[in-house]
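Heads up, there are several structures right after this.
Next come two complexes, and both contain chain A; in the first it sits with chain B, in the second with chain C.
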Partner chain A sequence: MMQKKVCMLGGFAVGKTSLVRRFVSNVFSDHYHTTIGVTVEKKSVTVDDRDVMLVLWDLYGEDEFQRVRDSYLRGSSGYILVMDGTRRATLDTALALQQTALRTVGAVPFISIINKADVRSEWEIDERAIEQLRERGWTVLFGSAKHGQGVEELFVTLATQIVHAAPIPRDCL
Partner chain B sequence: MKSRPGNLALHNESLFNAVLSTLDIVMFECEEDSAEFRLQGLPPEWWRQWVGPANGTVLDLGQCSPFLRDYLVGAHPIWGGQLGAPEKSGPWTEPDRQGGTMTLEATALSIGSKKVLLIERLGSGFEEMGAIVQRARERMLAEERTAKSYRKTETRLISELEASERTKDDALALLQHLGLAALVLDERGHITFASDRGLEILGMTAEAVIGQEWEQALPLHKQDRAPIRELIDTASDPRKTCVVCIEGPRPRWVEIEVRGDPRHPDRHIVILHDRTELHTLRRALNEQASFHDLVGKSPAMLRTYQLVRDVAQVDSTVLIEGETGTGKELIARAIHSCSGRKHKPFIAANCAGLTDSILTSQLFGHKRGAFTGAVNDQQGLFEAAEGGTLFLDEIGDIPQQVQTALLRVLQEKEITRLGEAKPRKIDVRIVAATHHNLSEDVVRGSFRADLLYRIRIARVQLSPLRERREDIPLLAQSLLGQICTATGKTIERLNPDTLRLLMSHAWPGNVRELKSAIEFAVISCKTKEVLPIDLPPEIISAPVVPSSSVWIPLPNRDEKSRFLAALSDAKGNRTEAARRLGVSRATFYRRLVELDIDPR
Partner chain C sequence: MSTDPHRPHRDSPSSEGYTSVDEDWTQLRTLLLSPEQTQLDELRDRLDNRAVQPRDISRVLPEAFAVRGERDPQLSTVLTPYVENGFVTTIRKSPRAIVDAIAPIMGPAIRQAIARALQGMTQSFNHSLDESLSVRGLRWRLEAWRTGRPFAEVVLLHTLRYRVEQVFLIHRETGLLLHHVAAEGAVVQDQQVLSGMLTAIQSYVRDSFGASPDQTLDHFRVGEWTVWIEQGSHAYLAGVVRGTPPETLREDFQAALDDIHAQQPDALTHFDGDAAPFKTTQICLENCLHAHYEAPPRPSALKLWILGGVMILLLSWWGVMAYQTHARWSNLLVELGTEPGMVVTVAKSTLTGYHLEGLRDPLAKDPSAMVVEAGLEPSSIKAVWSPYYSLDPQLVETRAHSMLHAPTTVKLSVEGDTLVATGSASIEWARETKRLATLVPGISLYRDEGLVTTSIPDLLERVNRTVVRFRSGLSIVEPSERATLGAVSIALGELDQAASQSGQRVRLEVLGSTDNTGPVTRNIQLSKERAHAVLVALGGEQLGEATTVITGLGQSIVQLGSTGEARDRRIVTLRATLTVANQGNEAVGP
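Now for the complex of A and B:
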């Protein structure tokens, strides 16, 4: 079976682990538990009738305490940028991490998701900011690890892009 | 699983295994020929739990953890022969074979030419570090939530403030549009707000007013502050107002209204109504009937009032001419009061019947010992009137010698006290009066012509009362009021017949005689109305003097009824009816037409 390494990137407490756990085990906990280092999980998806094993590298959230190691990113076939809609600063972190990923693994497929769609009224990331991300060529999904909204779609869409991936020129990003 | 001691194994195998067990690590050595990682010594228990019991002594990259595989295939400079510290993989967490998870960390190191891989299970130290990071991040999240809450509150407050500012701006715009003049006072009486119109009325800028205590900021007469203070103290009654004068180059008369601020009971809203125009009109209206202490609204008196205003504006010597009792001193006082000297003395001196020496001493003063009885130095009336006005009544009666001295004063603006040689400078305006015809006196040689020309620079000629009969009702009523006040009697009016008698009298003594007659009548009067019988006998019995053609309406009677009654009493004789009413025949006929009365 084809195995693809996928890294979960984003600021701390944006919901990377929650998205992975919702996807892999269909569970969710309101309790925040910070990730130290990397937690590796696996789950297979079907793309074009082919089973693809996604090896999900759930990296610790980046902040002033921990910077993402380039070595963790190496060998990734794609990555997911996670933002917390209720915290505008996580968008800036995602932008910085995307540049790090681009430098380290090149123009591999990636998808961004704005998590916590269940509390949309509290979002600080507004439509204008989302529009600007899309103008940069980003795929922006909305989702909620708490309710499961958009989670399956997130991983399947990325898996599909990885399977179908043709190299994307760097200057398009 | 039994490992095979490799090249790096200590000769004392039991010691080597004890070290590995104590450090709780698994050790692999990379074989040069096969590039396989071979287990060294005895692995700890957790290793078997992680890789499974079937795993051998060689690390199978195909079966091992994705993380470890990535780590091992990655470039490690230290294995390439470069010097440096051991390279750690960083912690990773993966499921173990028994359904749990395990957090491990790999280290690449080089011992001599040997490539060594250590795998450590992270235990309590790692958990403590994780707990610290967890707490730090939870605190950061809490602070973010707090900051967000503050931002929300700030945004809400800013929004409310903006709404409040908009409301305030709207209210201000409305206030300015309405032209409402208002001040707001705080609980200490300090002005916290002044509308544009309010500042305009006060003739002040916002900078000069805002923050100031109202009593100090507002340019008010001292006596005007008390009523405002009272209004502030009783602000619950909005019907109370007071009118005050705002001082300045252009004084304004302002009606003050004070209301309690509905939001703050201790604060007050002061509303200013500019009544200057009303005040000016009212004063002009009053001056139609009176001017200072002068009473009368006949054309002759109105001309006199204007003349007084005109001569008051200059500093020339004035000569007031008029029969005795026509109010010459009142005119002199009015000139003084309207002039720039009004705050200086007004001294009146009657020059009639005084000898040379007495008049000279009175006017110019004397030195002690200047004459018998001059026991002290004494200043004269000129010096007493310094800066003000000296009224010389009956100037036509002054002796020739005094005329000469007076001429010198007028020319040199200085006086010399009797008994002194040194003159003194004076600044006095002379207003003179006489009932004489001074021109005739000059012809007769009793008055110096040069003095006449000096004192008659401005002239005010007063008409005798008989030539302004229309002023008699007003004068009589005014005098009645004054005398009643002085005597304490309550007499409300003059009977029309009484007034008719007063108007038909010749009044050779002019207003002074009229006043005397009214005083007499007040003493005699027993009712609320002065009857003809109350008047002095010489007025009751005096022959009727033909009235002027000016029509004077009589008070308290319907005019048409009075005309009809007069015609009836005179049995249709229009001349007699006109006489009875005290008007001329021409006026009588004109009024008959205006009142639509058929005399037949």
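Now for the complex of A and C:
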């Protein structure tokens, strides 16, 4: 079975782990988040009638106290940028993390998801900002870890992009 | 140039309107340009028919495959389903050919796998067996019972020095699992997730201490497990070891990793998440699944010899004892068989001893005594005897003596079914015996023609007329007097038995006396001594149960013949009387 390493990136408390929990059943304790900054999970999806195992590295949310370790990103075939729609600052964090990922692993497929779609009325990230992200070439999905909305689609879409992706030189983006 | 008779003549116009000149030109052109014309025709055909010809493709197909295969994996992707279908069809159509082709590869692999499995199973079994009967094994069995763990696991924990339980081959950059093997019975978590966490931990440790990329986490220990990590250029090998492994194990890990890098350079360099090519590393990784157990303490040869000698001695002793016991049992059966008044009907050995059943005359010998005499333990023999009367002459004679209360002066003997009485007895006894003899079991007739009968008065008279004389001053019975006393003793015996049969007892007074020489006190003492000496000569206390003996005190003046000569006064006399049994009253006087 094909295996692919995928990193979950995003600001502090944007709902990365909640999205992963919606997708897989956990094996290791969340305690590892606060100790070594990562928890590894796995999930199989089917792309073009082929089974692909996503090995998900759920990284500790970046904030002013802890930075994402570049070493955890290495070898990723793709990554997911998670934002919290109710906090505008998480979009800026996602932008910075994308640059970090680009430097570390190159132009591998990635998908961004704005979490907490169930409280859309409270969002600070407006349509204009979302449009700007899409103009950058980002795939922006909306989801709710609370209700499971968009979660399956998020991982299947990324897996499909990874499988279909052809190697692209790093300096093209 | 030959002339074609079918061709139209050059000077006459043809039916199609061609002139002979035109034909000549055509013929000339054909002759001159025939090879080129052929090539032109072929080129025209190829231009007109643009479909690819198989022959053309066959010329470039191998090169085309090689060129495209180097550029990208698209060719493999396209061909894979066709190759798979063709392979399946071939297997269905001709499985034998496939078997012949892969047998040289699969045979050794299967043999190695089976040998490894058997080796592990045998090793585990041997350990469990070795420890199951020892004191240590019993202690571990108690521990297994107390902790609820399987006995084999407890043995493993106590005897294991180290065992490589799992080996992970992990891609260094991605942390993805390339291959994984585990020993039998090892607890295996999710290998893919564990591979990722192992990689993350290494990165975390390296980052935390600011180590350079070539400085790696070599090992870490958790409880009884140690995880050893060996780094390669593209992959690293992580071995989960229970116990304390030797340093040489690291060399084995490194050798295995080097082999894998040498065998799979392309797959490691261009790893894209497909771990299928690394299935071939199975054997290489399995060779790392070492296990080393504590050798059970082997008893020394001397101990074995001593143990063997003791066993042989014990067995020999047991054999001798069993043989002796059996021999004693056999002898006892022979004794019982020849013993009068005993008939053995059942004799068998049981798990706890022996069992006897039979018939026993009450007068026969005590069987318990015979068991003891045979050297056997009475408690080891359970005997059930039923009473009966034996017709054995010896027992019939004993029974006759017992039932008829024959006096010691009578001898009873059995001749066939006849009881014969000889000797002497009282008239009363002889009369009573004649009446009762045939009632004794085994006796039909009675004969007593050899029996001399005497009456009680006669016996009393014979006793009471006895006078024993002594020399002056002495209390020793003279030899000449002993013959007299012998006859008196017999008479006393007969009297005693005759009296007992008539419900009476004999009272005997022994009266000693002296002459009047010497002091009175001395004479009294001397008379006692003479009476006692006679009593001893008569047999003393052995005279009989029914006889009461009294040593009389006599003085010369009161004794028989006290008025006569001095020699007639140095005597001892007897006075027997009869009394009713249990009474001291005199019944009959002399």
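Criterion: the second predicted complex is superposed on the first by the 155 of 173 C-alpha atoms of A that agree within 3 Å, B and C clash if a C-alpha of one lies under 4 Å from a C-alpha of the other, contacts with A are read in each partner's own complex, and residues count from 1 in each chain.
In this section, a residue touches a chain if its C-beta (ideal position, glycine included) is under 8 Å from a C-beta of that chain, and two chains touch if they have at least 3 such contacts.
Keep in mind the model is a prediction, meaning the values are calculated, not measured.
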| item | value |
| --- | --- |
| Contacts of A:R87 with chain B and chain C, given as first, second, both or neither | first |
| Which of chain B and chain C A:F12 touches, first, second, both or neither | first |
| First, second, both or neither for A:V55, with chain B first and chain C second | both |
| Which superposed partner A:T160 touches (first chain B, second chain C, both, neither) | neither |
| Partner chain(s) touched by A:V38 [first = chain B, second = chain C, both, neither] | both |
| Chain B versus chain C as contact partner of A:T139, first or second or both or neither | neither |
| Contacts of A:R74 with chain B and chain C, given as first, second, both or neither | both |
| Residues of chain A at both interfaces, chain B in one complex, chain C in the other | 3, 5, 32, 36-42, 55, 57, 69, 71-72, 74-75 |
| Contacting residues of chain B [partner chain A, same complex] | 65-67, 70-71, 74, 89-95, 101, 103, 105, 126, 129-130, 133-134, 136-138, 140-141, 144, 148 |
| Chain A-facing residues of chain C, complex | 171, 173-177, 189-190, 192-193, 195-197, 200-201, 203-204, 206-207, 272-275 |
| Chain A residues touching chain B - in the complex, by the definition given at the top | 3, 5, 12-13, 32-42, 55, 57, 61, 63, 65-66, 69, 71-72, 74-75, 86-87, 124 |
| Footprint of chain C on chain A - complex, ascending | 1-5, 27-28, 32, 36-42, 52-53, 55, 57, 69, 71-72, 74-77 |
